[in-house]
């Protein structure tokens, strides 16, 4: 079953008629993902690659069972697309778009969390945002909702993988596959300063998943997501976790690209992250291949 | 016991060092209200009429048991004062200030309602705003949190009174006292377009109050508060209600002073209000003295 | 504060709303000049603070500068519902036949404790009439006053209302209207008609904006929009005194302390068989001088034949009211009969003061009904 | 986009923040003129995009116009951390001894998924240092990004931080700072020092503002603040290509596809015993032309002795990367050894293309470690 998405997950694509939206819709369907419809305001009624296009998410949900929406809407409308999906009650929203203004993301994330609380308290499944600026998520061999290369996720494994970086995720997944391990579900949480789902949010899902034996966490310098994850692991996790932190040699106070990887004060330094993982008994790999060695030791 | 406030209610005054705040603090204490402190940002540490003055509501609540706050802060800071009290968890907030911008009130009312929901769901007493632009409320002979004349509320009666208008409230209360009936609690809900508590919010409190036998509702043209009250009465009330509607001869489409009494479309007309009360079997008095006749008939 | 169309458009344009080019003119010559400058058909529109100017002939399509001059001659100086047209807005005309007309508006709605966005595919009509006749034709949507209207909500409203055209651009215009309301503190902001041209682009052909007087203190830059000559002179004077005053069409001047008591006073005057000449709320805690000013104001209204004063004194002292009335009498301002009821604090002192003066022009009664009856009797003499 | 102090102050002033009068000058003569005009003591402040200008002698109090001229001579042309001072801000001086200096700032804080307001009674110090040394001295408060900071919250923060002075005015300045952040999309907005004078009034003596590049599209009016000459020339070129580029102080040029992989590449270069000369993320799905531009860019850096390319091809095709490298070689741009790892899609095609060219300058390795080792070896030769 893996976590969050599986072969039964029905997906809509917001921004399906754009170049990225169209290309990745094709790739997701090739992977086996059940894409049921697209949404592009103003293009309702069209048919795109055999899929119906609607003017609004609400129109799509009135016609289809929708478990998830993936968003390729350009930055100016991306946060609005998230809110549209959240207000339509879609339980899982994956924002791929890179370059969304930070303030838009702050507001969207806060509102999605409020809607999630209301939804849960009225007996719903909750509403979760993953991303933005993320590669999406994939349950190997079942369902890909994202932009990662199909082939490294074709066969199921039992390692849960989560990462702030896109390309490092692929790299890790490939190493796991090549080592004969493979991934259960891979979640790219996104590299922006403000994201909907953090490592600590994903960990309990992996902990509860019977198809995941161990977890690989690919972190970065900056922020305190890794520290929060270490704290959660220490207090709540039984399954083993192996971590990797990229950017450990990056100079202080420099913003490294879109990653938002900037070190402020004593928060987000490699030292604080290493200390947190040490306290949680989480081994930290120095290199990507070392991740595999460590995981192999654990899962035998 | 009456409703909302009684002899045990401990009150703070926001804006205690202003002219209105100071005068009415004096009058409230003469009435017998337990005013425990005042709040004026920047004047913390002062003593005013023997009462301690704090810089913030939070400071006051850390030193005193506070059940209610009454606000005399001038319009530009009035909504902020409401939010300060609400975030400090004060269960009853009475906004006297007249002339608060409508947008400020919209935002404050929405936020107080959200805080109320959160507070209730975590086992609290809730957070209620009364007003703005209201005379406050008074449980006769026990506690006055407002600006109404003391003497007409000195002795307890068993009629609940609520009103959108200040002076008409006093007029009705006096008529009730003169008729040997008197009021249990009087609630001036305020005449502004956007207010914290409506008739329909107060009715269940009177219905549940063992010290109230019947209710007098003083309404106005405009809005649909009276219609909503009629609807509530029809479906939920056992106690008798007598209504009065002022402005029945006012011309359509004219805004009558601060009252916000403006008729739009077919909403808020005297006809719709009369029809709603008729459907709920609520007698509507044509004049103020007729209210007393009707009430006397009911309570014998 | 009600704004003229051209003022409303200027404000909406600040928020990005697409309005046609337009200029204000005070003479037919100016109108001709503007039409020449635009080099295309124009519309000449009376700028007055009343509705229904179209029906009254205050809006005229003009194909040539000479036609525009001619139309301006007709419109300037025209009387629309008692107001003289002193200026016109000259705008580039659109080809109405090549598009559709819709309605969108935001209004403060006490029933939802926020703004309600209203959208209707039948533009150009008076929304009040439509609201009464076919309320179901209007799509209503509550605006969250903290977040404002969001594009996805605006698109949903436009779809539900059946608007055709560029969905995103129309939704954007609604979002801009919502921003304008929240940032400028509008009581009302309407675009009627919202014209959608043959390319699907929305254009605001008219704008009706009314600002919240309570919030004007934070919009000092908008104060120049206020035009004293456009308001009734007594309303200007009242606002200078800080009174809430509305001119009505009867013959009994009405004043009281509090909006509720004044509205009830109007009802009581009606019951007494007369018509109120005004609504005048002098507010709470009124001193003699305030009452004096109120009487001065009401006495200036030539429609007023008698004055009905209805005070319930809680904070207001009856003797202060009496002093104000007596001062007006002594200064020769009070020339019409005053019939009043003053209940509450210091009632006896008030009676004593009036007894001392002993003028037939001033009579005090025990109830508002007796006072109103007496005022009606005087007014209808 | 980092702003100069004078630009930041101009923006904050729009939101009502109280800043002293100030003017920008490019020559000592201009500085003297401004000081004469102000007719009081002034401060001459270097405008450069680096911190620590005070310690570097870039800020000078000047009692007379002649002193100001003299100080400007010293400051203009000065080198601060590698940047030449080309202009100075001349502001009216305040009497520092008659007041107190505080710190307030808002910063995007991923841990609370919003802005955090930081306030500290110890102004004038570098907040980064204080955050490390005595974090408890800084009061932190999450801003609700939908409502923004409200006055009551600002007052609570000011009280908690122990600020003395006019509480309401200080809180208002914080609220204005919060509005500026939310409306202008700031990554950071700091007032340090926030000076409170003997009357208790707050004045922003400095302003550090950094705007979110992702949101600049909606602030076209702020684009003129961008000063290309103030940035590193390679950073300007990179931004024209749409690359995320940061100049570092090593000798190995590093490029990859994705911020995570590039950061890891920096780590790997360090492990190999060399230092990265830059961070360069060419983004996902890169075509040959993009790779060509990236090499052109890195090759211009005279610090670069070797280039390490680290690509994991998911969307990015290895053969496209190879084509870009080969094009650079053929056009004579590639003169330094390139050591690369390209994994993933079309790896074999890439190998074939490189075999055809067969240049010692270009070597491909199976792992990023081997490639990095080889690059380090070349760089350290």
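Letters A, B, C and D name the chains as they come in the text, with residue numbers starting at 1 for each one.
Heads up, the rule we're going with is that contacts are C-beta pairs under 8 Å (C-beta built on N, C-alpha and C of every residue); 3 or more make two chains touch, one makes a residue touch a chain.
From a predicted model like this one, the values you see are computed outputs, not experimental measurements.
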**Asked** Given the two chain pairs A-C and C-D, which is bridged by the higher number of C-beta pairs in contact?
**Response** A-C
**Request:** Express in whole angstrom the distance between the two chain centres, defined as the mean CA positions of subunit A and subunit C.
**Result:** 54
**Asked** If you average the CA atoms of subunit C and of subunit D, how far apart do the two points sit, in angstrom?
**Response** 52
**Item:** Distance between chain centroids, defined by C-alpha means - subunit A, subunit D (Å)
**Value:** 28
**For subunit B, residues that touch 2 or more chains besides their own** = 107, 111
**Residue list for subunit D, restricted to those that touch at least two other chains** = 146-147
**Request:** Indicate which of the five shapes (line, ring, star, complete, other) describes how the chains touch one another.
**Result:** other
**Message:** By the document's touch rule, what are all the touching chain pairs in this structure?
**Reply:** A-C, A-D, B-C, B-D, C-D
**Request:** State the interface residues of subunit B toward subunit C in the complex, per the touch definition above.
**Result:** 75-76, 99-104, 106-107, 109-111, 147-149, 152, 163-171, 174, 191, 193-195, 218, 220-225, 228, 246-251, 253-261, 264-267, 286-289
**Complete:** Per the touch rule above, subunit C residues touching subunit D in the complex are 146-147
**Asked** Quick one: in the complex, what on subunit A touches subunit C?
**Response** 41-42, 44, 55-59, 77, 80-81, 83-84, 87, 107, 111
**Request:** Show which residues of subunit C lie in contact with subunit A when the two form their complex.
**Result:** 147, 150-153, 155-156, 159, 166-168, 171
**Message:** With touch defined as at the start, can you tell me which subunit D residues reach subunit A in the complex?
**Reply:** 107-108, 110-111, 113-115, 127-128, 131-132, 135, 144-146, 181-182, 185, 187, 212, 214-215, 217-218, 244, 246, 248-249, 256-264, 266-271, 276, 279, 281, 284, 312-315, 343-345, 367-369
